[in-house]
Amino acid sequence: MNWSKYSAPLAFYPLAGKMIPWFSAVAALAIAVGLYIGLLVAPTDFQQGDSYRIIFVHVPAAWMSMFLYVVMAIWAGVGMGLNARLSFMMAQAIAPTGAMFTFLALLTGAMWGKPTWGAWWVWDARLTSELILLFQYAGVMLLRTSIDDLRRADRASGVLALVGVVNIPIIYFSVKWWNTLHQGASVSMTAAPKMATIMLTAMLLMTFGFWMYSIAVILSRVRCVILERESQPAWGNPSAAPEVAEAR
Amino acid sequence: MYWGSVSEFLAMGGYGLYVWTSFIATALGITWEVLALWRRRAAALADSRGIVRSIE
Amino acid sequence: MNRPSLWEALRGVVRRDLLLAMRRRSDVVMSVFFLVIVASLFPLGVGPEPAVLRTIGAGVLWVAALLACLLSLGRVFTADYLDGVLEQMVLIAQPLPVLVVGKVFAHWIVSGLPVVLLSPLLGLQFGLDGEALGVLVLSLLLGTPTLSMIGAIGAALVLGVRGSGLLVALLVLPLYVPVLIFGAGAVTSSMAGIGGEANLSLLGACLVLSLFFSPWATAAALRIALE
Amino acid sequence: MLQTVALSCLRGDRRLFSDLNITVQPGTLLAVVGENGSGKTSLLRMLTSLLSPEEGAILWQGQDIREQREQYCAQLTYIGHLNGIKDDLTAMENLSLSASLVGDHCDGPAAHAALEAVGLRRQAHQLPTKVLSQGQKRRVALARLWLSARTLWLLDEPFTSLDTAATGLVTEQLHAHLKRGGIAVVVTHQEVGLPSGLVQRLRMNG
Amino acid sequence: MNRPSLWEALRGVVRRDLLLAMRRRSDVVMSVFFLVIVASLFPLGVGPEPAVLRTIGAGVLWVAALLACLLSLGRVFTADYLDGVLEQMVLIAQPLPVLVVGKVFAHWIVSGLPVVLLSPLLGLQFGLDGEALGVLVLSLLLGTPTLSMIGAIGAALVLGVRGSGLLVALLVLPLYVPVLIFGAGAVTSSMAGIGGEANLSLLGACLVLSLFFSPWATAAALRIALE
Amino acid sequence: MLQTVALSCLRGDRRLFSDLNITVQPGTLLAVVGENGSGKTSLLRMLTSLLSPEEGAILWQGQDIREQREQYCAQLTYIGHLNGIKDDLTAMENLSLSASLVGDHCDGPAAHAALEAVGLRRQAHQLPTKVLSQGQKRRVALARLWLSARTLWLLDEPFTSLDTAATGLVTEQLHAHLKRGGIAVVVTHQEVGLPSGLVQRLRMNG
């Protein structure tokens, strides 16, 4: 398997280094064009006025927050199944970015809620479950930092991440299961099809940009993690290991 | 181009506060993350004892 | 070869934990006491308006039950971990998940069941009527074992971690949310005349799901903690 | 027969030992000695399967223990640093509950006999173990050896806090176990008072 | 003769506990998160009606603060008891009550203060207005140290008194009730336009009283536990 | 000078000892020996003032310790069964914090010196003590003896889990303490390797 060559952290490190610039560039481009269309080209929404433009950061951030959690859990699962350290490192690297997007979704949502609903916050299902998602990220990260032993920390937070996946569908479908404010507010999207196309383009571009950005950031964070872990003597390059054993 | 003037653009039809807070917060979040990563990388490189040179 | 039957091992675990609980009878009283205090605080804090109390009653009782379960979770594995009984348990020649089920069951008997039994009384205080009370008890009967099963995962994950009381709350509460929504929802919808069946069956589904997955996750977490 | 094959152990960022190959034949006691922090406890926990090896494997009757975890567990008795007894239960209850849990035979008289064999006075049998002295607690934990008919005993510093009388009793029980063809691995800082033909020493060099 | 001054000893205790907390920076974060989670459970159970939430907001936040305190306080002495640090502390050549004050103070800094600081944000989520928010913060500022002081007695008693944890529950939880009533009452009465001063001054009285008595009671309980 | 006068001890419904009269002069080590459960730890805890005597009194420099608790505490160092160290702190931090708490002088170099004196390798100084081995933890606890200039040392089974090297180091430190005119009371199941002129033995007969 060619893949297995890169499953060793130290082999993956340079590969990741080569990929980062590309993803960063694509991300910058997509976000720039998305912003241009979203802020400068797209017309005002006839119901909500210009406050709807928050959608161009809100929805991508909200989507990323959920996707990243699932991706994190998958990496953790692979790590547990194959006993692969790199997988755990990926999971570790994803969590902060996911948490940040969750936070941004909450914040931009609140910014949108004030003009639209007249309140910064309502205890509606979608909002609440997004808040819960933030706690899940926090839990995974806190559990990891609370355990000193790296191997134990990896596995314990992996178990937690996997268990937490059950909540993702609940967040996603909460709008259907529980009659909410959130759903009703977004009807204007379908009201004017022509405008929706432009909006959709901008939104998808932004989402794509956020995706690429996440990949770039996660790759460079995983490089940091690799450095931090591999620079400890015994983990390090395998040829040094027997030396450590003999030296004592 | 949809907007007539810069001030109109900034006002966002009266929703400027909300819209710009959202966008700026997002921008800040991203910059903060990138900066934090940069610092972390510098720190990691500082005590990596030249592992990087050996593999890159 | 000395290998206890699966059933014997399970019974052994439950028996020991119940015996221990009887030795420390205060544990049982504690969760009941807590429930009563949280539930009776609300009329004090919110004011005696019956209409308001009736609206919030189901929700408050469910949250109180959930917190009572959470508070007692710390006891499931910690003591065993500290005095070395847990490592002995892991070394029993039986599948660990089965033993976990035994421990969680004993925990539920001690701290979940009393809550269920006490709930109608507290429901009365909030002005719930006959049918709503029935649904409340039923929802708690289905829900509290789920809470214990889910909580066990968290309790196992935080073994050996400082400040674990709050950490376990943080880890477990997000997972409790669906149970809470369905449980409180069952009561409120029955009070609204819609009937709580839909929510109750969702609760049942949660129970089955957690019975199925939680023992494995907990067992994995325990092995990790003992490394 | 218990074997380790190219076993190596990593704790945190320290390699405690590597490429460890030992074979313990039936009827032999492996005494693991060495200075503090040299990895004796870690080795013992690997032998119980609680700790998984970094590299290498542990074989029981020629087969990797990870592939036969339950059968293997059914044949070992492990007593660690921690006594594994419940403070709130009496010595009797502790013994009979833990025996019934692992499937050893243990009724009232058998438990009494075991506790007396390990030198606990009758009036201490019915006290909650939390009021017992350090050495008495250790005795309660060790009483399990008198109930265990298992082949493999793994003991971590069994003689801690014991007085000389109790040390003698435990040593005798170890002797009987070996004569039955059992295997024992004992971590200790003291000499084990057994005929040297029965004892194989492993010195860990931290 | 090596005797630290009273002040040095006090500072030493506080410093050690804060250092321990810093070692696990998550401790601080955790009580904040816990508060947020518990506060969000109630809307989930009760339903999203803003009017109802506004009414129960103060009560909910106060219960959440109390629970955060209760959960973390149980462990103030337990760890020290189990690892033998407590017996060393009792043998310091200084009055034990003073050292107890140091421990409780450190604990409050780590888990009470963050709760106070966060409360306005949560109050906003429940739709409390400006003045009510101010009273809420003030009431928590007066109330949480009281909770910590009272809780310390319970935490110390739990260490020692055999088989009568029931006694502890009976002792401590009822003592919490007045604090809760005054605290939540201050906010609700200020929301009702009556002004919360009366309740706040009662809270202040509770604080003074607990500062006065709790260290002695706690010290006595600790000595009993170590016998 | 440490004296017990007609001391008696009751635990639960058992009288462990009664009418115990001993006098320990400066420069002497009192070795308390006896079988498990005979009341050695109970006696030691009475000497620390943690446990109050059933009858009789303990005199320090001729005065009852209950009447001078704080002055008395300022002159003793007690190390019990439990190590009294925090798992989450490093050995260094543990040492300097506990020293500063009791008012002993302890800066960085002094702590390092103490840890090295007790035989802990330098790389272990900065690890959280929870990852240390049993014997290494005990060493961290005992390192306090190298920082203590107090007159009275009360040690409960100090040699538990220690290897022979460490046992030797601690014994030497005890010797130095006695030569400075200090007093030590040591509960132990082993012989203390000191000149017999310095050692006074007390055998407890459970």
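Going in written order, the chains are labelled A, B, C, D, E and F, and every chain counts its residues from 1.
Note that in this section contacts are C-beta pairs under 8 Å (C-beta built on N, C-alpha and C of every residue); 3 or more make two chains touch, one makes a residue touch a chain.
All figures in this text were calculated on a predicted structure; none of them were measured in a lab.
For the pair subunit A and subunit D, chains touching both partners: C, F. Traced through touching neighbours, the fewest hops from subunit A to subunit C number 1. Here the two chains linked by the largest count of contacting C-beta pairs are C-E.
Taking shared numbers over all numbers used, the subunit D to subunit F interface scores over half, which places it in the same class.
In this assembly, the chain whose C-alpha centre lies farthest from subunit D is B.
Distance from the subunit D centre to the subunit E centre is 45 Å, each centre being the mean of its Cα atoms. Chain centres here are Cα averages; for subunit B and subunit F they lie 59 Å apart. Separation between the centroids of subunit D and subunit F, computed from CA atoms only, is 29 Å.
Separating the CA-averaged centres of subunit B and subunit E is a span of 39 Å.
For subunit A, the set of residues that touch two or more other chains comprises 128, 132, 135, 138, 142, 146, 149. Touching two or more other chains at once are residues 23-24, 82, 162-163, 167, 170, 173-174, 177, 181, 227 of subunit C. Shared interface positions of subunit F, defined as residues touching 2 or more other chains, are 81, 87-88, 128, 131.
Residues of subunit A that touch subunit B in their complex: 10-11, 13-14, 17, 39-44, 49-51, 53-54, 57-58, 61, 96-97, 100, 103-104, 107-108, 111-112, 114-115, 213, 217, 220-221, 223-224, 227-228, 230-231, 236-237. Those residues of subunit E lying in contact with subunit A across their complex are 24-26, 29-30, 33, 36-37, 40, 43-44, 47-48, 50, 53, 124-125, 127.
Listed in rising order, the residues of subunit D touching subunit C in the complex are 48-52, 70-71, 73-76, 78, 80-89, 93, 97-98, 100-105, 128, 149-150. Within the complex formed with subunit A, the residues of subunit C that make contact are 153, 157-158, 160-163, 167, 170-171, 173-175, 177-178, 181, 209, 213, 217, 220-221, 224-225, 227. Contact residues on subunit E toward subunit C in their complex (touch as defined above): 20, 24, 26-27, 30-31, 33-34, 37-38, 41-42, 44-47, 49, 52, 55-56, 58-59, 62-63, 67-68, 70-72, 74-75, 79, 82, 111, 163-170, 173, 176-177, 180-181, 184-185, 188.
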